[in-house]
Amino acid sequence: MTPEPTGPSGSLGVAVIGYAFMGRAHSDAWRTVGAFRPDLPSIRQQVLVGRDAIEVGRAAHRLGWSESSTDWRSVLERDDVDVVDVCVPGHLHAEIAVAALEAGKHVIVEKPLANTLVEAEKMVEAARAARGRGVRSMVGFNYRRVPALALARQYVAEGRIGTVRQLRVSYLQDWLVDERAPMSWRLRRESAGSGVLGDLGSHAVDQVRYLLGQEIETVSGRIETFVPRRPGERGPEEVTVDDAAWATLRTSGGAVVSLEVSRMASGRKNALQIEVYGSRGSLRFDLESLNELWACLDGAEFPTKLLVTEPHQPYLDGWWPPGHVLGWDHTFTHQAADFLRAVSEGDDPVPSFEDGLAVQRVLAAVESSAAQSSVEIQPEATR
Amino acid sequence: MTPEPTGPSGSLGVAVIGYAFMGRAHSDAWRTVGAFRPDLPSIRQQVLVGRDAIEVGRAAHRLGWSESSTDWRSVLERDDVDVVDVCVPGHLHAEIAVAALEAGKHVIVEKPLANTLVEAEKMVEAARAARGRGVRSMVGFNYRRVPALALARQYVAEGRIGTVRQLRVSYLQDWLVDERAPMSWRLRRESAGSGVLGDLGSHAVDQVRYLLGQEIETVSGRIETFVPRRPGERGPEEVTVDDAAWATLRTSGGAVVSLEVSRMASGRKNALQIEVYGSRGSLRFDLESLNELWACLDGAEFPTKLLVTEPHQPYLDGWWPPGHVLGWDHTFTHQAADFLRAVSEGDDPVPSFEDGLAVQRVLAAVESSAAQSSVEIQPEATR
Amino acid sequence: MTPEPTGPSGSLGVAVIGYAFMGRAHSDAWRTVGAFRPDLPSIRQQVLVGRDAIEVGRAAHRLGWSESSTDWRSVLERDDVDVVDVCVPGHLHAEIAVAALEAGKHVIVEKPLANTLVEAEKMVEAARAARGRGVRSMVGFNYRRVPALALARQYVAEGRIGTVRQLRVSYLQDWLVDERAPMSWRLRRESAGSGVLGDLGSHAVDQVRYLLGQEIETVSGRIETFVPRRPGERGPEEVTVDDAAWATLRTSGGAVVSLEVSRMASGRKNALQIEVYGSRGSLRFDLESLNELWACLDGAEFPTKLLVTEPHQPYLDGWWPPGHVLGWDHTFTHQAADFLRAVSEGDDPVPSFEDGLAVQRVLAAVESSAAQSSVEIQPEATR
Amino acid sequence: MTPEPTGPSGSLGVAVIGYAFMGRAHSDAWRTVGAFRPDLPSIRQQVLVGRDAIEVGRAAHRLGWSESSTDWRSVLERDDVDVVDVCVPGHLHAEIAVAALEAGKHVIVEKPLANTLVEAEKMVEAARAARGRGVRSMVGFNYRRVPALALARQYVAEGRIGTVRQLRVSYLQDWLVDERAPMSWRLRRESAGSGVLGDLGSHAVDQVRYLLGQEIETVSGRIETFVPRRPGERGPEEVTVDDAAWATLRTSGGAVVSLEVSRMASGRKNALQIEVYGSRGSLRFDLESLNELWACLDGAEFPTKLLVTEPHQPYLDGWWPPGHVLGWDHTFTHQAADFLRAVSEGDDPVPSFEDGLAVQRVLAAVESSAAQSSVEIQPEATR
């Protein structure tokens, strides 16, 4: 018996552009979303796009794609492609995303939205225009899809911790601790835009806006390059991006946020740590313990440690019995499902390109304040 | 461009029997193993087998199978099926596995190997016979594929903790704490074989044998049913399996093991906890924190907390950068890969059916000792 | 101005016998109890007793005693001594305690009560006779005075975790891991009575009885000496006590207890770990984190981590503000205060000598069962 | 036999001024220091000073003092008083400390050194003058005497974590979370000087200087009063101090420090948390787990969790066997011992009054920067 055909008619054709780290994570998600959410429209893994024909062909085969291509423009013209998922480096986001939206394709763009504010603003304009035509867009801040963080947001929204006063967010890694670690494109401003600020800081700022549902109104920032020179292919080369960054932010709701991001934190592998303190409780999270949330709710005296694997918690009803923990890559499956649901119901998925732009304005303000002896400024002023 | 064909010639056709909890977990693994280990022979998700034609058709579609079937016997006759993966309840294992082996199919059987020692022994005989013909078999103790536990075994094998003297293993869940939790097939001896002993105890005993590479020589056991009656469909019904079990084991290497398993441990969701104490160090693990291993190695004074997500650690080079944690279901992908590697290299995969039988002999000895006031006995004596 | 005299009339004179590890800990407690509980009768640190006149004189000076003595019998005759606190090795407990009770002194005896059941029974008889004359006695299981454990007992007694079904207790240390660790009196049966069983096991068994308020009805035990020979002063010498012990116990309330004690657990310094699982919740404790208690109460889904330093928690109102943690030695101050309160109110302090005897019967039963292939026996049967 | 007389000649007479929270903690320390460090000169608890004759008399009795007094000036004139330990509120520090130093008494002043920079500078001058006459002085930052932090400093000094780049310090409590918590002298600028900044921030800044052995060169600060009005005795009253404060600091060695202190952090009781990241490792500490230190040393990949109770670790050889944890108040005993050692050896104890002043300059700079939109300034500029 042949599997029940939901039929190409009812299903959505997907193209992923890029097949490196993020391209693989997104491919895994598209391959899994049907098992996770059988109630959503099914998708077809139509085509994987990359520059090297041989390599992208191999990747397509092993990642479950029907075809591969080296020409993203031609993919935008295909009728059997409904969704374009952009997983290439940031400086290519704007061109592809804008073209795809204009071609009537729903678009997901990996975070950060773009490398510059100018590009990001262009993308927002394209998204607005497309929205009027029922064409959807989203930026891929996948940590919004960590069940523990989705639960945290829910608790904040429900008032379980009262009015939020303080939020502490840090994102610490250690892969650049050693000053002998070699130079790379990630450490050059021209290719990477910024250092840890755009890479880890963008996740951190998105979480602040997501968890509180508030805007960032003022920013005081500091940035630092601890290792100013690293071994390049032709001898020592200058590092032109930040190794670490700090900021305090004031939100539209009057909360104060402290932010710290670094790639020089020995012993920290992927420690996105978030603490939210309100007038009636608090929440704590660490990405290295992705399935856990510490919660003081409703004025409780002490924190409870939740293992976020219960079917009544966000995203969990599509997975396994309690205590069977999820991994980092499950967040992409959740993201794909949320996107599919919005598209199929004619809603705008979140986070929107506008959300992506808002994050980048905050990051730009951190850099700008840092250049002015940390004086407090408004993100809008960075335009 | 069409994805590069490794070709049906070089690839292996897989059939999974069963599409419930375990059938889905195994399906996800077969769908993902190519992305995880592109160097292995590719597989074809040929056919998913189940009893309900409609349901298995839907499941096949969403889990990535080319076809579905309601007749496992006919599937054994197909030339395009090379591997049969048995995910049905334990009392059906023997019949299907033996037939599949006789039909020349490589076989994986979900743990526990069987519900009775007699069936398990029959399966071991079939596996031995098949082995002579190059037909491979394995029992699915997936926790051997938790990277942290694979690393623990490696440390033990390398002598990093010296001679092992004590091993503490407990597997605690809490889904039966409430005495109002309803009666089910899992609580009846005729359908489940045993209670927590076969379910969680089998994992625990397999880990002891796996980590130490030793046999269990003597057993003193105790079992208990704390809630002897539960609400059935027609009023209170007697629970005929154990709620909790305890044992001390002596291994062939002179270590003493304490074992405790329970479904009545409030607040514990899926806590397989293992501690190994040797003459030069120790190791600690908790499945609820699947990516972590605590290790005192080489006579160190204090334990180090490892985040087992580094590319140089077992299974991790096929996944993400450091700190990007794995989930419970990744273990099935590792299992599929290990099986494929063995089959493609003409090796016998582990754990073998013999391993599965050895585990069941220990469990039977626990029950037998418990019936004799905990007096110490030898597992062989239970035959 | 001279400090307000509560007056020798109203105060109690204390003598401590022994000035080593335990003698110092008890001296610190007597010196501190007035600051901790100003409402209790004040005490006078009258005399410290030891065998070496020079050493005990020095110790008395630095530990705050008015006098020192080398003759405990003469101390029992003094009118200015009301309390005798026995901190010498176990084989001397019976003689001193019985004589002190007969001399009309209130008596504290460090745990374990005695080295043999015969001695312990003699002490119980003396305590009973003295009780009729208003003379009080207590055995010093100081861990009953850890605030977190006192709180745990309170939660159990209040029914906050329902009916207790399972209790897991282990007490693990690592100072004998190295097989080159030298022989000592603690490793010879004639001087130490037993090994880890009497030393750590007695605390463990006392906690079971304390937390549950139940008796131990049956015992299945196992003991082991992993390092049978250690370097003595004149070459290798045989170790004649246990290195590790295991037991399962059944209590009068139908709970099953697993117990494991060891001095060979690499990386564990002083890990008395207790887990109590009931029909409506659970409790967890580790002595290495003395100020913490994990509690699932009233059917809660997840455990809360309590920092037991709040003034409304046991013993804490006599100390510092919340979050200012206590240490191991504070438990002796609590013990001294509880003893003083009972004496001043004409009550019998707990744990009584009968409690001490009950613990030793269980330990004897563990040894006895171990000698009979772990068969389950009743503690009374060991008499 | 009378305790061996070290003799009043060789011993030091101590007076403590104040008998509230800190007066009691210091009294406990003086009473215990002889048992902790028998090798140091012994001390006599000569006189406790307070304003209420009845109360101070009672306190003296129960805290072990020979006498009490209501007149600190007369105490300075006594020949039997060698050490004056000032435990009264901050605005009284300068007058008493300066007078005591001029009277030739060695002086300890509880932190913070004073409420104003002017007073602190006066005290530093007096300390300098006294030093020339062999009269010693110290400010009581007791957390320098937490064994785990002393060990951390030792590791930094030995280069075990390389060059320090980032230090994160936060000190979070929760006793003001509830906006109904009443007004008190601690919330009025005139009585308290500042809010959480002087109270918890002073400890935090002292730790930065202590751990790194470096000065703070620039400061960017922010302060906040989240609850601007609280219930006073005659209706709502304005809170005139800070509830929370943030800063980034740059040290003389080029490290960047982030600092956050708050009394509004629900679920945090006394969480002084410190993380130090260097070029070859890192260290982590939390005061709520006072006996623990997490350390990545010498380029290790993962952190080790040390239980700081081993005799070879700082301060521990004067206490108990491994694993027998210390409490918060033991730090005052360590402090008393360090002070006694310095005095007896003719050395200047640390932290000096100059250290206390340096801390206050940093705190003043935080306030000053906060008043200037967080712009980065130099602490000296606040004079």
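Going by the order they are written in, the chains are A, B, C and D; count residues from 1 in each one.
In this text, a contact is a pair of C-beta atoms (placed from the backbone, for glycine too) under 8 Å apart; a residue touches a chain by one contact, two chains touch by 3 or more.
On a predicted model such as this, the values are computed, not experimentally measured, just so you know.
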Farthest-lying chain, centroid of Cα atoms versus that of chain A: C
Angular offset of chain A relative to chain C [C-alpha, multiple of 5 degrees]: 180
Chain B and chain D, separation of their C-alpha mean positions in angstrom: 55
Chain A and chain B, separation of their C-alpha mean positions in angstrom: 35
Contacts with 2+ other chains: residues of chain A: 268, 300-303, 307
Touch-based graph of the chains, sorted into line, ring, star, complete or other: complete
Chain B - residues contacting chain C, complex: 161, 165-166, 168, 170, 177-179, 220, 222, 224, 226, 244, 246, 248, 256, 258, 260, 262, 264-268, 275, 277-282, 284, 294, 296, 299-303, 372-376
List of chain C residues in touch with chain D within their complex: 1-6, 21, 24-25, 27-28, 31-32, 34-35, 38, 42, 53-54, 56-58, 60-70, 173, 175, 268-271, 287-291, 307, 309, 319-330
Of chain C, residues touching chain A in the complex: 300-307, 310
